[in-house]
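Chain naming follows the written order as A, B, C and D, and within any one chain the residues start at number 1.
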Amino acid sequence: MNKSFSRAASAMLSVGAAVAALTLATPGYAQSSGPIKIGVIAEAQAVAGSSIPQAAQMAADEINAAGGVNGRKIEIITYDDHSSAAEAVRAFQRAANEDHVNAVIASYISEVVLALEPWTGRLKTVMVTPGAASDVITQNIAKDYNNLKYTFHGYLTSTSLADQVCDASKDLLVKDLHMKSAVVMSEDAAWTTPLDAEYLNCLPKIGLKVVDHIRFSPDTTDFTPIFNKIEGEKPDVIVTGISHVGVQPTVQWKQQEVPIPMIGISSQATNSSFWNDTNGATEGVLYQAVSGPGVAVTPKTLPFVAAFNKRFGNNPSYCGYTAYDEVYYIADAIKRGGTDPDKLVDALEKTHYVGTIGTVEFKGKDSPNPHALKIGGTTIPGLMLQWQDGKQINLWPANVANGKMKFPKFIKVGSAD
Amino acid sequence: MAEHAHLEVDGLTKRFGGLVAVKSMTLNVRAGEILGLIGPNGSGKSTVMKLIMGIERPDAGSVRINGTEVAGWPSHKIARLGAGIVFQHSRPLHRQTVLENIKLALLPDKLTRLLADPQTDERARAIAARVGLSGVLDRRPATLPFADLRKIEIAKAIARNPQVLLIDEPFAGLTSTETAAFSDLICELRDDGRAVLLVDHNVKSVARLVDRVLAMYVGERIAEGTADEVMRNETVRRVYLGGSIETAARPESSFRDRTTPFLEVTDLNVQYGKAQALQNVSIHIHAGEFVSVVGLNGAGKTTLFNAISGLLPYLGDIRREGTSLRGQTAATIARNGIVQCSEGRNLFTDMTVRENLDLGGQHLPAAESAEQIAWLFELFPILRERQKQAAGTLSGGEQQMLTIARALMMKPKLLILDEPTLGLAPVVLEQISKALERLRQTTDITVLLGEQNVTFALPHADRVYVLEHARVVWEGAPVAFAAEMGTGYL
Amino acid sequence: MTLFWQILIDGFAISSLYALGATGFALIFGVSGVLNLSHGALMVAAVVAAWAAGDQLHVGPYAGAAIGVVIGFAASLLTYFLIVRPLQQSSKIREEEKEIFILTATLLWGIMLQELIAYLYTNNAKTVAPIVEGVVSIAGVRTPSNEIFTAIVCWLVIAVLWLLVNRTRAGKAVLAASMNPRGVTLLGIELSQVYIAVWAMYGVLVGVAGVLLGMFLGVSSYSVGPLTASAFAIVVLGGLGSVSGALIAAYVVGYLETLTAYLISPAYRTIPALLLLVAVMYVRPRGLLGRR
Amino acid sequence: MRSASTTRVLLIALAVVIVVSFLPLGVSGYILGLLTIAYYFGVFAMAWDLLFGFAGEVNFGPTFLIGTGAYTAGILDNLYQPPIWLCVAAGALAAVAGGVVLALPALRVRGPYFGLTTLVAVLILQNYVVVDAPLTGGEIGLTIPDVITISDAANYEIALWFMAVSGAVLFALSRSPVGLILQASGQDAVQAGALGFNVTKHKLAAFIISAFFSGLAGALMAFYLSSASVGTFIDITVGVQIIIAAVIGGRRTILGAVLGAIFLIAMSELLRPLGDLSNFVVFAMALVVVLLFPGGFFGLLTRSKEHG
């Protein structure tokens, strides 16, 4: 008996041992004169996520090759969060408390970014997200600026995304193809709530009547009923808001030969592997993006894509562009404001940086979306691309277009001129 | 009845689907009395016990404990009213000690009792002392011999101080010394003024203990009285021993393989956990011989057959034509010709009769299989009529015939029949009996039959073994059975 | 009226796919009593293999599909020999606890496969190159040929399975084992071989169901959990151990989902089926055609 | 004598807890954060073990209870900002209500059927959270405005002592008369009934207790994280991790579940250098434990001769 209980005791002591082992396994403290550390939290198994650490590392290497920041090198420390909010929080704690990073570039998933947001305030560590879209991120900052000002939204909010889709549709569909009606088709998710609201607001303004608004469950696998319903309503175009799903609706759109083009947000379509993942079903799909292969949004875009392709053998995902830029403007802000978190926030708020997707400027403290990117002409113009024969071709805006709109045979576009 | 009976059962009836398991049963047990409830396997005696305890809900009738009507109550309420049960199988808590297992039974049914009553410990020890478990209080059940596990069950039952105590097969798996000790314990419980209901297979095993015996057969009471009266009762004798028996035994010397019998079982020992299911059992069967193993349910027949079929681990030796069967898989043994019709029949109930037979003949070439089926349809004509019907929809007797026929499809060298008469009506028995007789006369098949129904077992047999409490207690010709073993068997 | 035909046709295709997926799951449970919680992972493995064969080895759609089926088959046997059999034969685990151990171990195994697939091929959704393309019009409903192809292959495979089980000796032994394993042993048939046969059949079913799913709908490594859960739900709804119950349940769930998507909203697609499941569990705890 | 042993285990555990409570003096906030989460997971796993190990109910839906607790607390805080303790209490109560709902089928159906019902409960809750986004935040999660404290050390101590108290209560309960009756009911309900125990009442109690601690831990963890999302509190993979923690820690030991939870979380951190493959390796290790050491860690450490 006693023996078994002394073993029980040792069982519990081993908890202590495990803790001790963890303690020993952690590296020492960073010195303030050492390298500037930027943590990168993303999932490497996801196509969108895998570009983030790669692009960040590339930017760091370039900056270091050019002499670093005030003589200090930039060090990128990556953490795989397996797209789990809980794991991301642990990684963030490690980055802030253990590795003493100066800033974090984290995730393209709104759930993860929102889970990290309170921790930026608690641990007073700057975080920039290269890919999440939820408006809630910046709305939270507005509500509690003093605590959450450490969070920066380095990608477009849902509302901005919808505005860009409307702008592009006005030129491409209404002006060129004389379209008059649309159906909005979005996954039923929190990030699409503001997106759809803005769609419903801006589409009529550009002359597209919204004949139906369909929200479907993000775990939908069979889209046949949805497309059948839309076909019955005979709209000129389907305006999409899809991210969790992507391959499935696209493949079924093709299989069912839905005669209506799709335009809008389709996050997965921005991946260069999307053609292969859908076995080419994506032919003719129009999707919004902030950048595209071969599209010189700024003079920095094409050199970046070429270098990325040379180094990693594939094109960067949309998060790759933003993550690359983020390292640069974080470095720039540190150069201006130093590594003190509050001063770094001030410096970042003053960012005016020409990157690969346009000119990065953040909205101010008094905006309803503080720390969101400014969008439009002189800042982030946005693009509208189309998959054609396995390539992503840019159609809009006209000054950076590198191809013409064309659709697979089954698409009936009425009055093209 | 002058005394106020502790347990009164009146008109108790229970149906399972179409089967009437218990039919209008009436019994009562007074305080300070032991009533033995006996009956062959399938007679419904265990169901009566479960109905009294509330484990099954009766369809009709009344159960009164100390005058309170409890029929239809959940069992925990019946237990709290003063009834206790000792199950045949012991299922103690494995991670707890013996003492804790006993304490469990002393606990009140309350969620608020987070600390045991200080007296609980003392009382548990007292109970343990009474049943003879004092020496092993701090051991875990897994380390105890079988008899001690049974004692834990008794201890748990009496811990609740029941006025009515039901005990299922009290002596199953116990040695004779253990049985004696257990009997004394049960007598003491009666002398405390409790009403005790003992359930067992035959009179003999409980005769020493009981004040009265009630015998059941197919759900109904057939006799009641003292042990002697019941043993003398004609109906009981017919149920257990059958009427006059004609035998047609061939002398053992008439079989050719006298030096190496077809099957020879030597010193077979099988344990189920702690219980000794077979103890030094040796039997042999000659090629072409018809051997019956007679024994009550629980005596070890099924265990013996399963050991021969390779379904159980065992100590000792089983040889077929001189070669040991150890190490062969059950399927190999069956394929090589030792085929068992098991007690549970093991039919493929959702398949048709024909499909069942086809499966039996699947090792044969198609033509041979068809031939065999034709022959079997002659032996059991009813199966021909039923061949497209699902096996599960057949009557019990038809299912039994199908089981035998399916086994015969394998062209067995040795056919083992385990309790083919279980739960069957006399008319059906007659049919099966005739078929067996025909088989015996027209083929040179070897048969090993296990039965508790002596009427069925003896007429065909060349030789008989009697199995009792895991041991062979008698071997001889069928004619000698009634004289030498008759009363002992009741 | 078109709506009626649309629901009828779409519901049929998706239900057939559910039916095929659940049949294998029901078969394994019926014969060997194993609830294989790595079911979804095996299906995804087949899809990803078929996709990778097309994408990286550039084999045609037929060869790709064949490779997918072979991988499903191999993964199924691996699951049996590596995970299930050692646990079934373990002497360290009490009989009554084996069920929870097999559940836990197959669950872990499924997650391992999921992680491995994501590691090798990312967690992006993949589709298998379809064997037939184009659309045809049935009763005024333009239906993708692939949808018809899916339904036909599903029923062909189910029919072949039915013939195999009901018309061949080996198949009958499997069927018999699902009703009474002891009876099979007593007839001289090695149960261990029956188990291997049934896991092999299951492997083919999983492979075919996976590849069809990959052609029709596409899957990602995230689909592992939902696929297992849906097979589990359908099989329990139909009654554990009953293959015909599983078939009926597959159609009930498939049509309920399609009806919801058409008539209520695609956002609530799965909810009525889940509620039905709970209701059936309360009213008929053994499922629609359950025996056990 | 036995009860003295229970006290002794609790005293040893208390000693360990006291020693571990000094960790904030020596380790970084990161380790503290890691252990904070591990301790909450430990409570989840212990609560699951009470249901499975003692009442014998295979619950695939621990996250139904945890999620109910976390979301109730979070939504309440979001809507009305009452005192935090009130939110946490409401979370625990809502989870208890959820436990009763879950218990109803358990009293009717058994084994895999019950397992499925619990699984479906999780899926329904998940669907609800996603669909009712205005209230719950939907798939991107719910932001919880208030925090108990933002100090790493304070959060660590809260989690540690909460786990210690929960563990002590659950462990004492499992060794108490009620635990004994529960175990008897789980193992053989017929026999327990025949001994006069109301099996239904005891099982219901087990569900309520398990739900209470699950919900309480869920609510506290939500306040610690300042957010609640499907991926952290409800998703089936979270439930799977809890079950795995309890199984590899050692079933029917309550305290083993804590070891399992700490193992899972510590391992996934220690294996971080493996990147993508770390989860694969962690689950492979868990599988090896299940296949080769059915008794789990606690079983390995406390194995005495009787099993030998």
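Assume a residue touches a chain if its C-beta (ideal position, glycine included) is under 8 Å from a C-beta of that chain, and two chains touch if they have at least 3 such contacts.
These numbers were taken from a predicted model, which means no experiment stands behind them.
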* Which chains are shared contacts of subunit A and subunit B? -> C, D
* Asked: Where the centre means the average of the CA atoms, what chain is farthest from subunit D?
  -> B
* Structure fact -> Two candidates, A-D and A-C; the one with more touching C-beta pairs is A-D
* Structure fact -> So, in whole Å, the Cα centroid of subunit A is separated from that of subunit C by 35
* Please work out the Cα centroid separation of subunit B and subunit D, and write it as a whole number of Å. => 46
* Structure fact -> CA centroids of subunit C and subunit D: separation to the nearest Å works out as 32
* Structure fact -> subunit D touches at least 2 other chains through residues 127, 131, 276, 279
* Asked: Multi-chain contacts in subunit A: which residues touch at least two other chains?
  -> 1, 45, 83, 188, 217
* Mind pulling the subunit C residues that touch 2 or more other chains? -> 118-119, 267-268, 270
* What chain pairs are in touch here? -> A-C, A-D, B-C, B-D, C-D
* Which of the residues in subunit D end up touching subunit B in this complex? -> 1-3, 172-173, 176-178, 180-181, 183-184, 187-188, 190-199, 201-202, 205, 252, 306
* What part of subunit A is in contact with subunit C in the complex they form? -> 43, 45-47, 50, 83, 188, 214-217, 219-222, 224-226, 228-229, 231-232, 245-248, 251-252, 255-257, 268, 271, 273, 276-279, 281, 410
* Mind pulling up the subunit C residues that touch subunit B in the complex? -> 169, 172-173, 175-176, 179-180, 182-191
* To do: Sort out for me which residues of subunit C touch subunit A in the complex.
  => 2, 6-7, 10, 13-14, 51, 54-55, 118-119, 122-130, 133-135, 141-144, 146-147, 216-218, 220-221, 223, 226, 257-258, 261-262, 265-270
* For subunit B, which residues are in contact with subunit C within the complex? -> 309, 311, 329-332, 334-336, 339-342, 344, 346-351, 355, 358-360, 362-363, 406-407, 410
